[in-house]
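Two complexes are shown next, each including subunit A; its partner changes from subunit B in the first to subunit C in the second.
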Partner chain A sequence: MKKNLALLVLIIFLFLLPILVGKYLLYMTIHILLLSLFALGFNLLFGYTGLLSFGQAGFYAVGAYACAKVLLVVPSLLAGIFGGLVVAGVAALVLGILCIRHTRIYFSMLTLSFGMMIFSLAWKWRDMTGGDDGLVGIPRAPLEIPGLLKLNMTPMENYYYVVLIFSLLAIYLFHRLVNSPLGLTLRGIRDSETRAACVGISVVNYRLLSFTIAGVYAGLAGALLPPLENTVTPPVAHWSHSAEPVLATLLGGIYSFSGPIVGAFLFYIIKDIIVRFTEYWLICLGVIVLILVLGFRGGVVSIWERKGGQG
Partner chain B sequence: METLAFQGLVGLSLAMYLWLLAAGLTIVFGVLGVLNFAHGSLFMLGAYFAFTFYGLWGVNFWLSIILSLLTVAVVGYLMERLFLRYIYHLDHAYQLLLTFGFILIFDDAVKMVWGGVAKIPAMPSFFEGTVSFWQRPFPIYNLFIIGAGILVALVLWLLFEKTWWGRIVRASASDREMASAIGVNIPILFTGVFVFGAMLGALGGALGTPVRVVAPGIGAAMIIQAFIITVIGGLGNLKGAFVGAIIVGVVSAYGILLFPVFELFLIFVIMAVVLMVKPQGLFGG
Partner chain C sequence: MNGVIRTENLGKYFGELAAVHAVNFALKEGLFTSIIGPNGAGKTTLINLLSGYLFPDSGRIFFQENEITRMPSHKRVKMGISRSFQIMNIFSRLTVGQNILLPVLSRRNKNSSWLAAINSQKDAVKEAETILQEVWLWEKKDLPAGELSHGDQRLLELGIAVASHPQVCFLDEPSSGMNPIERVKVLELVKKLAAERKTTFAIVEHDMDVVFSLSDWIVVMNRGEILAEGKPEDIRNNQEVRDIYLGEEI
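Take a look at the complex of A and B:
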């Protein structure tokens, strides 16, 4: 009950945010939401299914580039976002069939190589992706449902609401998903592949499903990026970008629903605070990673919950 | 035809450079079972230290390479004793994550010490000049790298196959518990192997300094190359890494010549195909 109330307050706060804060914090909040979605999808694979992917940025980039391509032709925000999401989902389904043949370190290496293939296409296939310049001049097209409504997206506040509503919907769906029999099945596979197979679960199909959903979430996060930045460049596909949801999830907590979201928030907050004092914020992040891996593998959320349990 | 032959030679020198990079990574994985994400960063540190000793302080070139190896050995020793040692029992994922933390730390640390601008060290005078192959100039330095790569391969082969030390290491790699039962001190052996791997990585970095730009971030770039090679040859397989390096080096050299747009793409395709068809690598058992 108390938890629901806190959640409600948080959501109301998020809706009031454009009144309370300036453009910079709004921009940062959008990025936190995008990383939350990206990390949630990643954690469906890692925390729930037990597969560490180092290629999620590939699907993020597919979503971003597909959305940008659509927006450059059809100036409709929804067409762009759904276009990006669908193309990323299809890419994840196809590459998933190849990737889920392996687990553990071989899975990580395989996802890394596919992610980097997408990067090298974004980098070198100039006709399609604009090469290292990326795609530029992507419009923040109006949100238009023919005959129903047309919302101008030029003010950052309006676009913030679009991102917020998409994020809340996606997070709600994710919550339903991991608390459904599907979520339990995935955790069952993570804990023991053999046992899951013995009770008649098709391990391969469930892994593929998990991989595809993770790709769709990465794609959604990616698709929401070009309208914000008006440009997409190859670094979004690079493996170092795949590391962001990994770090966010590790910060927040692997084995909890809210971990990746809390982690995404912490990721940007830590960055923002440290950057005020020194440009070397990655060294601090690195030290935090060492401490988390050595001592607090459940992340911040588990520390919080442990404390709550004692009190 | 001559262009192709010459490009093969270019590929070979690239291959030997990559081999120096990948050898340490695959040895550490083979014995400790840890895929060290920060191996490329140790390579980078090797380059920075060599640059400092040789390029800034004017130490003799060979001596600066040795000093660079020793410095990185200390770094590797601390990494293993203070951190890695505590996560051997965990899942591979955590080992990747922990060593990834070191990439972030080392990258920023070199920026703090040496600044964010790329360094271009001077070439030692005895490496200047070219020799002619098929009427094309080929840098003497690249010949030296080819020789160094082959020499390191020979030394490693002798070390692992012909010495008492190598037998102990191989025994521990194939059965940790059994080796421990017959009296091998596994913790000390692990430290030793990790330090050895770190020094090999540093050797690659240090030897590359006269021709390569030394810059922050090269660690993160090189580790991907090292992953590709070790995966193609089979994780933990030294002979495989040698062949993997040759494949990647030669494909890169011809790729740049024949289809520059898809050269990088093609290398990742090779990596993925090997992983899918034969995940234990071309030379894995």
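Take a look at the complex of A and C:
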């Protein structure tokens, strides 16, 4: 009960945020929400299925570029977002078939390579992606449902609400998913794939499903980016961007539902504070993650749970 | 030779070593069967082959006269072949209850439902609860399985293996690491489950007293081959078997 109340207060607070804070914090909150979605998807693979992917930025980029491409042709926000997440999902399904037959370090290296292949495509395929210039002049198109409504997205507050609603919906669906029989099945595969196979679970199929869903979440996060920034450039596909959900998840906690979300929040707060003092903020973040991984393997959320006794 | 599961000239070789060689094995339905033999006789490899954990290098395997030689494990489970492992293999981060629920959900083909809460699968939950009581783990159902004692983890292994309602169930040393009292208790439980659930069990076991008192049929393996098989009293009087268990009272 107490937990639900806190959650309700948080959601109301997020809806009131544009009234309470300025443009910069709003912009940052959007980025926190995007990283939350990105990290949640990543953690379906990592914390729930036991597969560490270093290539999730590839699917994020596919979502971002696909959304940008759609918006440059059809100025409709929903078409862009759904276009982005569908294309990213298909990309994840296809590359997933090649990746999920391996586990542990082999899986990680494969995802890293495929992620960097997508980066190379973004970098070199100038006709399609604009090369190192990226795609520019992407409109923050209006949210339009023909004959029903048309909302202007030019003010950032309006776009913030779109991101917030998409994020809450995606987080809610994720919560349903991990607490469903499917979620239990994935956790079973994580604990012991041989045992899972011996209770009748097709390990390969469920890994592929998990990989595809993670790709869809990365794609959704990516698709929400171009309308905000009006541009997409190759670094979104770079492996260092794949590290963000890894760090956020380790920071927050891999074995809890809210870990990646809390981690995404902390990631941006730490970054924002440290960047004011030094450009080497990653070193400081690295030290914090190191301490957490060595001392509190369950991340920040586990410290909270141990103290407060709430999940 | 008919059996619910049978093999023709089954072979599995690791380099020079013939772990299983030219084995013609038939598991008779309803007979509580023990597979015995000295270390390295190929007992576990045979179970690995029959359960699809390994694929054979030669020979064929049939289940109810359907060939399953190269069928993956998860499909064999759906047909009714299940197993437990010699080395602890449970879902250690899941609760004890969830460990049992997973095979039950799998048998009911509910693994992919992704919007319903786990607890809304009322029939599956109820079925899992019955199994938990049968293997004496009801009180511990909310503990993480990894925190159970060794003996309880062995019971959980057994519970997971029977939760998929198999027709045939292989248990690889279900009582290993237990004291003699626990051992008898567990094997009597297996015998009880066999009768109640109409499951044909084949177990690998080292404790000869238990094997000879509980089994209906005994298969003796040595160096990858079947040396002898028969009723306990025949095996007890078999000179070859006595020789490989040199000096041991069987």
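By definition in this document, the second predicted complex is superposed on the first by the 308 of 311 C-alpha atoms of A that agree within 3 Å, B and C clash if a C-alpha of one lies under 4 Å from a C-alpha of the other, contacts with A are read in each partner's own complex, and residues count from 1 in each chain.
The definition used in the following text is that a contact is a pair of C-beta atoms (placed from the backbone, for glycine too) under 8 Å apart; a residue touches a chain by one contact, two chains touch by 3 or more.
Being a predicted model, the structure only gives us computed values, none of them experimental.
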item	value
Which superposed partner A:23 touches (first subunit B, second subunit C, both, neither)	neither
Partner chain(s) touched by A:125 [first = subunit B, second = subunit C, both, neither]	first
Touched partner set for A:150, first subunit B, second subunit C, both or neither	neither
Touching partner for A:297 - first (subunit B), second (subunit C), both, neither	first
First, second, both or neither for A:282, with subunit B first and subunit C second	first
Touched subunit A residues, subunit B compared with subunit C	B
Partner chain(s) touched by A:239 [first = subunit B, second = subunit C, both, neither]	first
In the complex with subunit B, residue positions of subunit A that touch it	46, 52, 54, 98, 101-102, 104-106, 108-110, 112-114, 116-117, 120-121, 123-126, 239-240, 243, 246, 250, 280-283, 285-290, 293-294, 297
Subunit B to subunit A touching residues, read off their complex	35, 83, 86-87, 91-94, 96-98, 100-105, 107-109, 111-112, 220, 224, 227-228, 231, 235, 260-262, 264-265, 268-269, 271-272, 275-276, 279
Partner subunit C, residues of subunit A touching it in the complex	176-177, 179-185, 187-188, 190-192, 194-203, 206, 209, 255
Contact footprint of subunit A on subunit C as seen in their complex	51-53, 72-75, 77-78, 82-83, 85, 89-94, 98, 101-103, 105-107, 110-118, 121, 160-161, 163-164
